[in-house]
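Consider the two complexes below, in which chain A is the common component and chain B and chain C are the respective partners.
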Partner chain A sequence: MKTSRFWAWLVFAVGAAYFFIPLIATFEFSLRMRRGEYSFDAYRVVLGDSRFQETFGYSVTVAVFTILLGVFLVVPTAYWIRLRMPHLRPIVEFITLLPLVIPAIVIVFGYIRMYGSNSPLPFLGSARGTDALLVIGYATLALPYMYRAVDTGLRTIDVRTLTEAAQILGAGWATIIARVILPNVLIAVLSGAFLTFAIVIGEFTLASLLNRPAFGPYLQNIGANRAYEPAALAVIAFAITWGCMSVIQILARFAPKSANRPN
Partner chain B sequence: MADPFLSIQNVKKSFGNVAVVKDFNLDVGAGEFVSFLGPSGCGKTTMLRIVAGFEEPSAGKVLIGGKDVTGLKPNQRNIGMVFQAYALFPNLTVAQNIGFGLKVAGVPKAEAQARIDEMLGIIKLPDFGDRYPYQLSGGQQQRIALARALAPKPKLLLLDEPLSALDAKVRISLREEIRSIQKKLGITTIFVTHDQEEALSMSDRIVVMNEGRADQTGTPFEIYNRPSTKFVANFVGTLNVLEGTISDAASGTVKINAEEIGLKGKLNGSKSGDTLSLALRPEAISLGRKAGNDSNLTGQIADVHFLGSVIRVRVGVGQNVVSLDTFNSPSSPPPVVGQKTEISFSSGDVLVLH
Partner chain C sequence: MTQASISDPAIAARSAPPDATRGFRLPTHWLGVAPFFIFALMFLILPTLYLVIGAFQNDQGEYTLDNIRQLFLDASIRDAYWVSIKISFWSATIGAFIGLAMAIAIVRGGLPSWVRSSTMTFSGVASNFAGVPLAFAFLATLGRLGLVTVLLRGIGIDIYALGFNVLTSWGLIIVYLFFQIPLMIVIITPAIDGLKREWGEAAATLGATTWQYWRMVVIPVLWPSFLGTVILLFANSFGAIATAYAFTGSSLNIVPIKLYAQIRGDVLHNPHLGYALAFGMIVVTGLANIFYIWFRTRSERWLK
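Coming up: the complex of A and B.
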């Protein structure tokens, strides 16, 4: 008994060291900008850099639009698949998994060929068009996470009976989705939204090849030219991601409780 | 029925090659409480869903208040429905659940609140408006579901096995409550159940369904005492079936084992030598000869179950086993297994099954 507990703790300690030592080392290194003493100078420089603010602001804006597009695309689709076309679920799940196996660079070269300024849909002919294309691309990249989050949320409620109960009370499709389905899967949607946010904030390939002033290319640029600031940025990026995950955990506590599954 | 409120005419429904409802016809009067009773898979829920508009019939039509609603969507039919699984919206409070239909219909806030309060009063849960569904018991949730269905003042109320998920005690009290509210509001109601006791105790009329057809439609008294088919007789209540042969069709004499009984006027064109299934309810049979009973058969006590106030006795009559109940009397001992006995009944209580 004692031996097995020892090995369990050893495995846990090795795992924790594997994850935390690089992070602690990065954090420690980020504090060494001033010679001979620890300081937050690197953070001050990064946060004070106008390009940081611009690129971070741009990526947050793109993330918000990506989340909106993802919600409008995924919630009605996942709902309809569960309600009326359950036989199509394996196909839709396969499609939503494709972004995990097709590299972003393939997607972006496809975009450049399809939506160049000489194509019938010249998205790349203007900055706004390229921004729109970037949002669409990010929504595609986030699809596996968003679809799974929403589908899992829908699995916890009796979609068909709730829909029929709302229908017989006179509600149309828009009311059913907005007032019955969405509020009951809101936590799942928010989980998907925060995962999308985390993906968009750190994404490099699409933004760089579409030449947009996003946070990912900025991170790469700083990393290639500076010493302490990239370490500070890595810690900030971790903080943002962990912040998102914490918000998901907190929101999960406020999920509407199902009558059949009160706990 | 001169002017039915709900009329179901020649409705058929198939899923692929499987015919679930086969030529269903029914007229329901205003304020009537009609139950669809039948075993699982008999098509009763599908028929209810066709009335609600959730399923489209393959043929036939549904009229409500004289208006053909066959092509209308569920949200255009002004029907209230209570589901087996309650189907309360988990994100809304009790008051918001009851007010959902009113809000969708655009009823002014003050008027809607008054109606919500009225409905909470009717279901006797006046202080429950601020609670969420997960804070309620199954019985309370189903009462809220009933209030939600009735709040927009629907023309027709559909109840899809609303008591199935509840425990026995709550089921009995809630069925009495549902019936009393239905009578009070005078709302035309269709109730789907597989529980004969519920159907018999609540309904004005019962439609017994079998394999997509209405086998028999009648009052609970008619359905129980005069079942028109073997299926209805077997499905509703406990039934003893005796196999016999017509020995003389003209005089109505039927031979059961070596004994004969008279069933004059009940054989409807059957010929001598035909075999028949004769059915008798347990309460129509007496142990031993009894004044007023004109038919007797001899048998042997096969089994005795002491149930307190009642003793259930099974008597072997030739190849058949007949079940009957006698009242317990402290002064006389119960019958003994293996004892020879006679059973008697009135020929008027015998049902000839087709």
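Coming up: the complex of A and C.
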């Protein structure tokens, strides 16, 4: 037992070193901008850069719209599948997994060819339309995570009884979904939302190929032209990812644990 | 509250339970899922089909296999697929073995419980920390001025003089491990939890050595989920582009970067060859996922 514990510690320590050394190195590098001493100059330069503020703001806006679109698409569908059409479940699950199978770059390639300015649906004909297509693309990429989160949330509540109770009280479908189902799966929806946010905020491929001024292409551009700022941006990006994941962990503690309690 | 009574005719007429009215409202049944299916069709299935069909057509719109044949004949494309597959294979395999070792260490190694919970939390973060910032982190670590490079030079080991360069496919494999290992840990830990203590005790009662217990119980139970996850990691890195692009620009010849350049400016001088390139990516990741699902169903037999 003692030797096995030694090996376990060793494996853990080597693994931890692989993960922490790059993080420490990045942080150290980001402090090196001023010659001969450590300073937060790189962060000051980055945070003061108007292009940073613009692209970051743009990506946050896109992320919010993506989350709204995702919720609007996934919650009613997952609810309806659970309530009325369980036979469609395998098909819907298969579709929600497709974005993991088809690489993002292929999906956006298809968009560019299908929705160009000469097509019947010219999304790419205007900047607003391209923004919309970007949001749609991100909602597609986030579909597997959003659907799984919401479906897990629905499993923990008694959808049928809640629906019948709401119907007896005279609620229509929109009221049932917005005021009965959504509040009950809010924690699940929020974890899906934060995961979506973490995915969207620094995404590069779609934003770059659709030529939108998002945070991901900005990061790439800074990386190609500057020395210390990229390290500072990497630290900031890691902090954002860490923040999103922590929120999801905290939310998980509030989520109801057992499904369909007896009685 | 009297208003909410079912016997109130106004309310009863407003919204009857759908079951009672199913016979004559059948099509509205589908309205609930229609937005989802229309969305999936328009923004997932049709754009993909458009490329797939385009891969089998020529400029005149006639059906042909020339584009697919060209994928194998064009040395630069063949090379790109080969490098991509090599990078994905090694990052998946190495990531899987290290991830498995770490998962076994935190589940079975008798380490304190905070080690396990903090590893799982960190894995959740690191498996989502990919893309452009990850490339920056490794340039700051193993680049020519990176911390590790500088520290090693300080003790007399110049890794760049020894032929190491982070901007190569092996450098990229090291970088990809940063999200591959955590992903392996996240997925395989429940499978290791599924190894019941009783099996170890039963094996010991029957006189098995530790080695026999591993060879005849642990490995056969774990290998489907292990292989399945390796394949998932493979697909995961095969489609990734942002890290590689931020890392090496367009100098590294891998399929996603080639496709990126093709979308940007038709570098292959043949749009339909571009579709074929995309089709090839779908085939590789699609095959990988079919194997993943197959292994997954095999592994679920043991992990109930």
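By definition in this document, the second predicted complex is superposed on the first by the 250 of 263 C-alpha atoms of A that agree within 3 Å, B and C clash if a C-alpha of one lies under 4 Å from a C-alpha of the other, contacts with A are read in each partner's own complex, and residues count from 1 in each chain.
Quick note on the criterion: contacts are C-beta pairs under 8 Å (C-beta built on N, C-alpha and C of every residue); 3 or more make two chains touch, one makes a residue touch a chain.
From a predicted model like this one, the values you see are computed outputs, not experimental measurements.
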*asked:* Applying the document's definition of touch, where does A:198 land relative to chain B and chain C: first, second, both, or neither?
replied: second
*Give one of first, second, both or neither to describe whether A:38 is in contact with chain B, with chain C, with both, or with none.*
neither
*Which holds for A:158: it touches chain B only (first), chain C only (second), both, or neither?*
first
*So, A:223: does it touch chain B (first), chain C (second), both, or neither?*
second
*Once the shared chain is lined up, is A:237 touching chain B (first), chain C (second), both, or neither of them?*
second
*More residues of chain A in touch with chain C or with chain B?*
C
_By the touch definition at the top of the document, which applies to A:172: first (chain B), second (chain C), both, or neither?_
both
*Check chain A for residues that touch chain B in one structure and chain C in the other, and list them.*
164, 167-172
*Tell me, which parts of chain B touch chain A in their complex?*
52-54, 73-75, 77-81, 83, 85-91, 100-101, 104-105, 132-134, 136, 141, 148-149, 152, 158
*asked:* Using the touch definition from the top, list the residues of chain A that touch chain B in their complex.
replied: 157-158, 161-162, 164-172, 175, 179-180, 183-184, 256-260, 262
*Would you mind writing out the residues of chain A in touch with chain C in their complex?*
1, 4-5, 7-9, 11-12, 15, 18-19, 21-26, 28-30, 72-74, 76-77, 79-81, 84-85, 88, 92, 95, 97-114, 136-137, 139-140, 143, 164, 167-173, 195, 198-199, 202-205, 209, 216, 219-220, 223-224, 230-231, 233-234, 237-238, 241-242, 244-246, 248-249
*So in the complex, which bits of chain C are touching chain A?*
4, 6, 11, 14-15, 17-18, 29, 32-33, 35-36, 39-40, 43-48, 50-51, 54, 98, 101-102, 104-106, 108-111, 115, 119, 121-122, 124-126, 128-129, 131-141, 145-148, 177-178, 181-182, 235, 238-239, 241-242, 245-246, 249, 256, 259-260, 263-264, 274, 278, 281-282, 285-286, 289
